[in-house]
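The following pair of complexes shares a single chain, chain A, combined with chain B in the former and chain C in the latter.
The block that comes next holds the complex of A and B.
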């Protein structure tokens, strides 16, 4: 799979890549068995690149981010295999103290819930100041000034006053700005934003996204955006990795994936977005639910919900229900984990390219 | 239009504020933000019994500090070393004999001023109670914090140690330890109470850490690269302060009463030191002769102190509860 992606990324030279995740597998051993939350994920982010991990709840996107940061509790978690190359080092084998220097210093993270991600008993300035004290070895006075500057950079009004306030005195949007200020205070090379706008109301969402984008462009940090919101994806990133049940199902540039989705799952996601053009019609949904993590289908993980899945006809031919497809390169950096893109099934692919006909037939 | 600003503080309830704004629409309201401790103080001062308890406790502290300078006799002073009397004098305000003035009467045998004994007893009780509590809070917070934060096998081992220590009857353990380990001076009694008093507290702190370590802000701190030790001490511990303060307050009362108890039984502070428990013990022989004041005043001091501290602890519990409103 590594080779597929590496060749898919074609001209990218190794030193252009800030983060290279290879065959990452994170399992959780719990009472009822083992959950393969992340099961063989590969992707790369270029320096100053912007990539989104997309998928519904429980598909492993957040776990992927936490694994990169090595913030998985072990046990019950286990990083079963994989490499996370960041600036020439494999983060998964880095000693704990060096990893701490990477966290916050070189890779920063913004969490989903600004309401709970700030410590209620420390002032905003203390929390931002802690990051710069740790990584830039500033004194208290300098750290305080750095905190004020960081707040000013993210557009917090009256930063000199805000810096002395406690989180409960700030609104949700303000708190998320504080989180962003904290994340960016040490000029990280990679910013991981885990659903940064999900907990905010819609008007604030836009401001926060604009802010992240503006800062990303200004500072040249790379961005790994984790979201289930394809609208956010369209506005913010260049490349998209779609995940389903712990696996990557489709990759490509944002235009390609959103305008010409190849994998049935991505298609389903896109067609379930409500739009003005579809007023009065029933919302289209993906049938069924995410598979039970303890009883994953043996073949393609999306097969039980896939309108295009087919039963076998020829002896020895792979079937959706029994054989899991590889992530197949489609050229130009695109890849899709679907049998439809196997050369043997070009006939079926033709039906797929005529979506309405294919969908009707499948029903 | 007159520019007027109203700061909203404890002095105005939301209803009063609304009324005010109806009457004076030209007022501009500025919300005054209060920190955790200011909010807690607002709640505490509405709690009358707790205020009274705190006043009592502060009075005790004052007496322990400045009292010895005002009492008639120093506690170790024996006014008439060559004569032993077999009945102490009652308080002056009962007997009418004001030479010397005896607020709480005088002991039989050595004719010591009971006020002096009680005041110096307050000093010892307070030092032992607060000192032992500080020792047990430090041990209990670190032990419980480490166990709760790291969890896993470390937590199991540390908590099984606490469990097995808790199966021992602590008070008797303290009696035995007091007899064999301590030399009967107050620092060793304080140490013994401190070293055996942290078990319950460590369980409390562990349970708080178990839930707090799952909070997003702990993950956020780890994502910034903060070390485990710093997360425990700087990020989680301050969040547990409220329940720890309440437990510590109640523990001071517990140690004071426990110290009086073991001293009364003769296993605590050496009898030459006038702790409340010791004074009570020596009064026993003379109770039948009607020397009630010898036992009454130190006993009353214990009751008042423990009651005051417990009221204060209850008030703190309400005041520091983050779910409590105003």
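The block that comes next holds the complex of A and C.
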């Protein structure tokens, strides 16, 4: 559980770490200026580990994944700084042909939209087969067999028949299974799943999540799950990284983050989940909207929406609106980017941690 | 699929029937009858009346149309009264091969240059190449055909002497009296097996092909460019990149086949149009195609040629479109005809 902490403190790479992302910054240069989509992100995933990147749309979680895969179009994108250590290599400095061998071969990715992520004019067998042919150097016949087996592994019924079908002949859930089969066909060391269930029906969502979990446990691949759905997080991963406006705002194990959120943003996210206990009450929301990427607040990026933000009158003391906090280590692998955790503000932290009362007052 | 083709062919009957009716009434609306042209300026009113009576032009138009349809069903499309007084079908079969060869040359030029140029422009958007391609295609669409044709003839035919300035083959060196299909490419290569003759025919096709092909080229280029740009942004292209495929493989396997769909439509539509005859190009290069044939017939009020020529060309247009639809099914598995 110390991995996240270690990376936050700039620790060394351990042998059991499969992915080590350091100070990653991805910018997009567009007509109106520069969007800092990912602005200094650090995290690690252990071998066979399961980590979720959580946040609202536009917080930079998908861009982080695409940057790891080096699938950012440059221009308009720019990987401004950072290192992505994967199995002893920095992916960001790898030659293009070696990077292609990593993509699909060692790191595989599942995307959000199974409807549009498969090529409509090729059979699913062709699409799974071309990955195995490329990375495992199989012949056509063997690739076909591998595709059938991959479909069988993800629970597609009648794989011998399905393998010859086109994407439009399959349901959404089936297509996502095909995507998973394709991703896992080359036995990757890391699977990146970018909102794998968002576009699916609720009943199918559960099946797909179970499948990803089951396969992850069976094959021992590491999992980087990207989602905005905290329910999905609770069921699938061990560690959580919460992102806001291109930065990490909180890290910890899944139990810690979901049961004891340290950052006001995480607390807001959790309290906006509808639950049986809150039936009949107005659903609480995080007021305001994600800040305009061209006019980021100078201090804490969450300050304009934060119910706990405060002004200070003491000379020289940092303020939420003017000074951006560091990602402060809280021990035990936990970290939070909030002034509340600065030793100078323990009084305020006590109010924050008083069960719900503080929050309700503040709202 | 076969069922679909047969049904579309059956659909041809009402299309042609309707078209012939429209043509019959348009011809009736034209002042005068062919008799004025047949008899010449000095014909008397009585002679004209007799001629019109003999040829049946004094009957009600609906009767004339019914009569025409009955003959046409038996493949009797009437006889032209000007020139060699050939039956219309024979004249058509003699001239249409020239039009087909010209269309082939033009479309080969349009597709062969337009698709690669469109892809290159899409892949290097906003580059110098993209800008140049846009300008060239705009010029291609804007420049009048007869002007471009004359310029090409002057530069490459008269001035540089690189290519023949007109005609379908060198009359002084070769003759095509043998098979009589009038498909000169086919005859020279397959029947006569004469490479020199074949090259001569090809050489004669180059300038007319470029002249006629510039406008389709511009269309094909623009459509290819926008289709490729659209497909490059598709999620499945990202999936293909995430699989680790090389850029070339992604282009050939994932991008091109999807981008080709709208391009095929344009190719089919343009081919259909060109097969309808190219009066200007045929005139510049003294090319005996169906364009000048129909144009002359319209000027001469050669009823049989106008009526039947239109019908035959309409059939060709429908068949080309059918071919486009059939090719869709091969390119796009989501389309299944039943």
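Following the convention adopted for this analysis, the second predicted complex is superposed on the first by the 346 of 363 C-alpha atoms of A that agree within 3 Å, B and C clash if a C-alpha of one lies under 4 Å from a C-alpha of the other, contacts with A are read in each partner's own complex, and residues count from 1 in each chain.
One rule holds for everything that comes next: contacts are C-beta pairs under 8 Å (C-beta built on N, C-alpha and C of every residue); 3 or more make two chains touch, one makes a residue touch a chain.
This one's a predicted model, so the numbers in the text were calculated from it and none came from an experiment.
Trainee: Based on the shared chain A superposition, would you classify chain B and chain C as clashing or fitting together?
Mentor: clash
Trainee: So, A:160: does it touch chain B (first), chain C (second), both, or neither?
Mentor: neither
Trainee: Which of the two partners, first being chain B and second being chain C, lies in contact with A:122: first, second, both, or neither?
Mentor: Both partners, chain B and chain C.
Trainee: Is A:201 in contact with chain B, with chain C, with both, or with neither (first, second, both, neither)?
Mentor: Once the two structures are laid over each other on A, A:201 reaches no partner at all.
Trainee: First (chain B), second (chain C), both or neither: which does A:260 touch?
Mentor: neither
Trainee: When the two structures are overlaid on chain A, which partner does A:75 contact: first (chain B), second (chain C), both, or neither?
Mentor: After superposing on A, A:75 lies in contact with chain B but is clear of chain C.
Trainee: For chain A, what residues appear in both contact lists, the one with chain B and the one with chain C?
Mentor: In chain A, residues 69, 71, 100-105, 108-109, 111, 113, 116-122, 130-131, 134-135, 166, 179, 182 are touched by chain B and also by chain C.
Trainee: Within the complex, which stretch of chain A touches chain B?
Mentor: 69, 71, 75, 100-105, 108-109, 111, 113, 116-122, 130-131, 134-135, 165-166, 169, 179, 182
Trainee: Across the complex, what residues on chain C touch chain A?
Mentor: Contact set of chain C toward chain A: 234-236, 238-246, 253-254, 257-258, 331-334.
Trainee: Which residues of chain B touch chain A once you look at their complex with the stated criterion?
Mentor: Touching chain A: residues 33, 35-36, 152, 215-217, 219-227, 234-235, 238-239, 241 of chain B.
Trainee: Help me check something: in the complex, which residues belonging to chain A touch chain C?
Mentor: Listed in rising order, the residues are 69, 71, 100-105, 108-109, 111, 113, 116-123, 127, 130-131, 134-135, 166, 168, 179, 182.
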